[in-house]
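Below are two complexes that have chain A in common, paired first with chain B and then with chain C.
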Partner chain A sequence: MTEETMTLEVTRYRPGHDREPRTQSFTVPYRTDWVVLDALNHIKDRIDGTLSYRWSCRMGVCGSCGMMVNGVPKLTCAAFLRDYRPGPIRVEPLANFPVIRDLVIALDDFMEKLRRVKPWIIRAVEKPVSDGEYLQTPAQLDAYKQFSMCINCMLCYAACPVYGLEPAFLGPAAIALAYRYNLDSRDEGYRLREPVLSEAVGVWECTFVGECSVVCPKGVDPAAAIQRSKLAGATDWLLSMIMPWAGRR
Partner chain B sequence: MTAPRVERPGLFYPKLPATWWLRNANYFRFMLRELSSVFIALFLVVFLVQLHRLSQGPGAYAAYLETLRAPGWIIFHVVALAFALYHSVTWFNLTGVVQVVRLGERQVPPRLVAGASFALWAVVSVVLLWFLLRG
Partner chain C sequence: MPGDDGYQHDLLVIGGGGAGLRAAIAAAEESNRLSIAVLSKVYPMRSHTVSAEGGTAAVMRENDSLDTHAKDTIFGSDFLADQDVVEVFVKEAPGEVIQLEHWGCPWSRDPDGRVSVRPFGGMTVNRTLYAADKTGFHMLHALFQTSLKYEKITRYDEWFATSLLIEDGKVCGVTALNLHDGQMRPIVAKAVIMCTGGAGRIFPFTTNAAIKTGDGMALAYRAGVALKDMEFVQYHPTGLPGTGILITEAARGEGGHLKNKDGYRYLQDYGLGPPTDTPVHRKMELGPRDILSRCHIQEHQKGRTFDGPYGHYVHLDLRHLGEKLIDKNLPFVRELARNYVGIDPVHEPIPVRPVVHYMMGGISTDITGKTSLNGLYAAGEAACVSINGANRLGSNSLTELLVFGARAGRAAARHALERPALRSNPLAQLASDERRRLDQRFLRADGREKIADIREEMQKALESGCGIYRDRATMEGACQTLRKLRERFAHISLADKDAVFNTELIAALELECTLDVAETVARSALAREESRGSHTRTDFPKRDDARFLKHSLAYQTPDGPRIEYLPVTITRWPPEERKY
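Then we have the complex of A and B:
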């Protein structure tokens, strides 16, 4: 009996050699428990060792293996071959990002934006360790919990046409994480994040296409975080106009 | 305007084609929603002209109403109404996502917030209809 196979159409790009990416087809064994990442690993191990891509945990936690699978941003460790039968499956680097080689994209832009929103707990004055933890009620945790599930996989950036058209846009994940810390009862950094969020290329660049929330593999709703940030920013501005003397949060 | 991105040599920078919104149904629906504002704006222009004609007296107003009875204008109004409804329905559906309403420590489910918005819309519409059609 001949072994069942599937075809992968993989984007290849060799910096310094290719002017633009091209497609190369590979035939891999079909296994019901294989994901696209397994097929790529098979290609690298058995067919062409020069194929380059990122991956690490293989269980949807590290956020490294995001690629376009049939044009949709996916974690390739969670995209089963069986869902794409009979194929072929098109595997491309994450959309909207510069390509370094084959399926590897440049992360610098996202990392810089992530740093800019200060996604960590900021305190006006840190309390000494001897005073114990910063306590939080379950309701206070619920307020931001879904936004804390982000794994920085950048699928939302690949799904966002606004980011594709305007690469300076702060983008879904960075804004969702800024919002997550703004919502955290232990945090006091709202004033430091607000100028970054309210820039022209911050929340206001978003036109609410909403696809970022559709493709998120962790159930985060970045589109909601952005619209709520707009509402918070606008309310804040309005209050400062009506009551300039009042202390803002 | 922001400064253009500095492109590093050796990297390939993909360009989003002008037809990106044809790539999936959500993008297409988004574009339809953006387009709806054009028809709503056009309708408002027609409405402003109507008010202007009303200010010119009954004769001018009647003549304008006669113009609007042409099939082309009726088609335009049907299309504008469809876009206005699409815009309104999608707007109210989003209220639950954007506006977080809390009752004590609990968050009101987004569907309930959207439902309340729809209910309020219906009530206001009925009151307006009653006001316009009562006599």
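Then we have the complex of A and C:
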């Protein structure tokens, strides 16, 4: 019996060697329980050691392995070969990002944006640790929980038409994270995040097509965060002027 | 990116996981005069801490006490933990988890708003805090996001540390390879903290991420520091066959059952009964991991496990818990089981088998995180301080990252404040020597050996020699294979000679580290002629306190590790038989 195989068409780009990205085909064994990442690892270990890509946890939680699979942003550790039969499968670096090499994209822009939204608890007065935890009811936790599930995998940026055209756009994950802290009953930093957030949702015209939420592997729904930030922006801003440290919902 | 003189800091943390980030923040809070750097081979939020699921232990409730947590930990360690260290650990744990709460970690809550606690293996009381079943993910992101607020913390993301810089017997930084441009640079610092995590990847079948290759352990070992208690490798009883993806112990804490192929809760046959409907602390499925993993093997030997394409397995049955509870407290378990084995635990039992999970051993440190090498500190899974002894209790390790990450951060900060400025010129020379070493070794050489082959053989040797059950012959075999692999490694050949993002070079460097670490595991295991905790020998089935109530210390020599011993610190809990 001949072993069943599958073909991957992988984007290669070596700075200093290639003027432009090119495509290389590899044939790998087909296994029903293999994900695209397993196929890439097989290529690296057995066929071509020069292929570069990122991965680590292979369980969909570290956020390293995002790539375009047949044109759609996916975590390759969660994309099964069996869902792409008979192939070939096209594997490309995430769209909308500069490429460092092969399937590795540059994340610097996002890392900078992450810091700009001040993703940490901000309070007028911090309670000493010796006074114990801040009480937070399950309902208060539920209010922001969904937006805290982001693994920074960048799939939403690869899907975002606005970010594709306007790299200055803060983008889905960063907005969702700002929103997450604004919604946290322990946080009082709404007013400090407001300038960055209102510029993001105000100036750049997100069309709310919601591509970001469709591709998000963790159900974060960044589109909802963008939309709700926009609606809430005006009223909360007023509130925060009257009661500076109470500008949260 | 820093300029040429920008690679100088007071304190350098290697590793951006839970331990490294906690250390960096502690140092920043200790003094605002310090320049602190965190250097990590992956972006910090990709670190392996992100995969931890079940929870983190601390005494939070009136029905609990520090002494009970200490006793459970010491008992679980089979009396190999240092008791003074455990006492500090349980005492500082509650403050650390509350600190993390203040930093935004979304702990699961009781109706009254207090953080919830769940039962966990080997613990006598509910004391494991959790954020559903993504505890490590939430802890890591909370720590990372909080770290962004400290301007004094510089980051070197996707830099790979290749060696420690040492002058006059003192650590002065590291040499590190920037993945983005392939340049090797000296990063100079007055104190270095190794927070590089564990080394599960020395085994073929592990819950550990690809990055867990024991790099920091190897770097310290090569610099003359001892690796302590390396023979103790924890198998977790419930990994998914094939991938090794973990199904958290919380699944059993919530009431899941382990069943053999007859649908029988077999743990009752091994002194862990009686079986009850609701979980009882330290009984049945809440027994400690080493014991549960051995029960699995014995059950297999009796022919009562299932056989699958990836070997024998049993069932973890959650069906009786109901969809609502599973979705509330174990949503990730459901997601993983559905995605990776195509099973919905609401309707079907999950196939599971023991899988390599955690290294109890590591870089030998004192209670402050200091090593024997001036200026070098270590914390987290890379270190052995030691609270875990011969068997770690689930959910103690995330807490360990916090308590001892913070301690190491503070101690290293004080050291850096006292130490005079370093001259970086001679260090630049050391870095170019290191670059030459790599070039000669990996980039010019046209050897014939492949990374993947050596890696596979190493992993096989460890699995067959140093698995759940061990004996002299199998361990000697492993030691010999590892020696031979080391020779073969000298003839390794890389296809990739590029500077930019050369992941093949990184894989070679990681393989070199795993070979060092694997040898310390096999040698320490061979030398310990007793059974204790996770180290179970068929030829020495009993614990032997007279000879081995001691930590092992592995030192590097040209002929492989030399093993010495260090007494265990006993304070208030004299060793007794470990029975559940």
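Assume the second predicted complex is superposed on the first by the 229 of 249 C-alpha atoms of A that agree within 3 Å, B and C clash if a C-alpha of one lies under 4 Å from a C-alpha of the other, contacts with A are read in each partner's own complex, and residues count from 1 in each chain.
Everything that follows uses one rule, which is that a residue touches a chain if its C-beta (ideal position, glycine included) is under 8 Å from a C-beta of that chain, and two chains touch if they have at least 3 such contacts.
The shown structure was predicted, so the numbers you read here are calculated from the model rather than taken from an experiment.
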Query = Looking at chain A, does chain C or chain B touch more of its residues?
reply = C
Task = Report for A:V201: first if it touches chain B alone, second if chain C alone, otherwise both or neither.
result = first
Ask   = So, A:P167: does it touch chain B (first), chain C (second), both, or neither?
value = first
Task = Report for A:D221: first if it touches chain B alone, second if chain C alone, otherwise both or neither.
result = first
Message = Which partner chains sit in contact with A:E112 here, chain B, chain C, both or neither? Use first/second/both/neither.
response = neither
Inquiry  = Between chain B and chain C, whom does A:P98 touch in the aligned arrangement: first, second, both, or neither?
reply    = first
Request  = Kindly classify A:V129 by the partners it touches after superposition: chain B alone (first), chain C alone (second), both, or neither?
outcome  = second
Task = Look at A:C62 in the shared chain and tell me whether it touches chain B only, chain C only, both, or neither; answer first, second, both or neither.
result = second
Request  = Report for A:E4: first if it touches chain B alone, second if chain C alone, otherwise both or neither.
outcome  = neither
Inquiry  = Does any part of chain A touch chain B in one structure and chain C in the other, and if so which residues?
reply    = 15-16, 100, 137
Message = Please output the residues of chain A touching chain C within their complex, sorted ascending.
response = 14-17, 33, 44-46, 48-50, 52-64, 78, 100-102, 104, 107, 111, 114-115, 118-121, 126-127, 129-130, 132-138, 140-141, 144-145, 148-149, 151-152, 177, 181, 184, 186-187
Ask   = Where on chain C does chain A make contact in their complex?
value = 42-43, 45-48, 50-51, 95, 98-99, 101-104, 106-115, 134, 137-138, 141, 145-146, 148-149, 157, 180, 209-211, 242-243, 245-246, 332, 335-336, 339-340, 450-452, 494-496, 498-504
Key: chain B-touching residues of chain A, taken from the complex the two chains share   = 13, 15-16, 18, 20-21, 71-72, 95-100, 106, 137, 139, 142, 161, 164-168, 200-201, 207-211, 214, 221, 223-224, 227-228, 231
Query = What residues on chain B touch chain A, complex-wise?
reply = 2-3, 5, 7-8, 10-14, 16, 20-21, 23-24, 26-27, 30, 34, 94, 97-100, 105-107
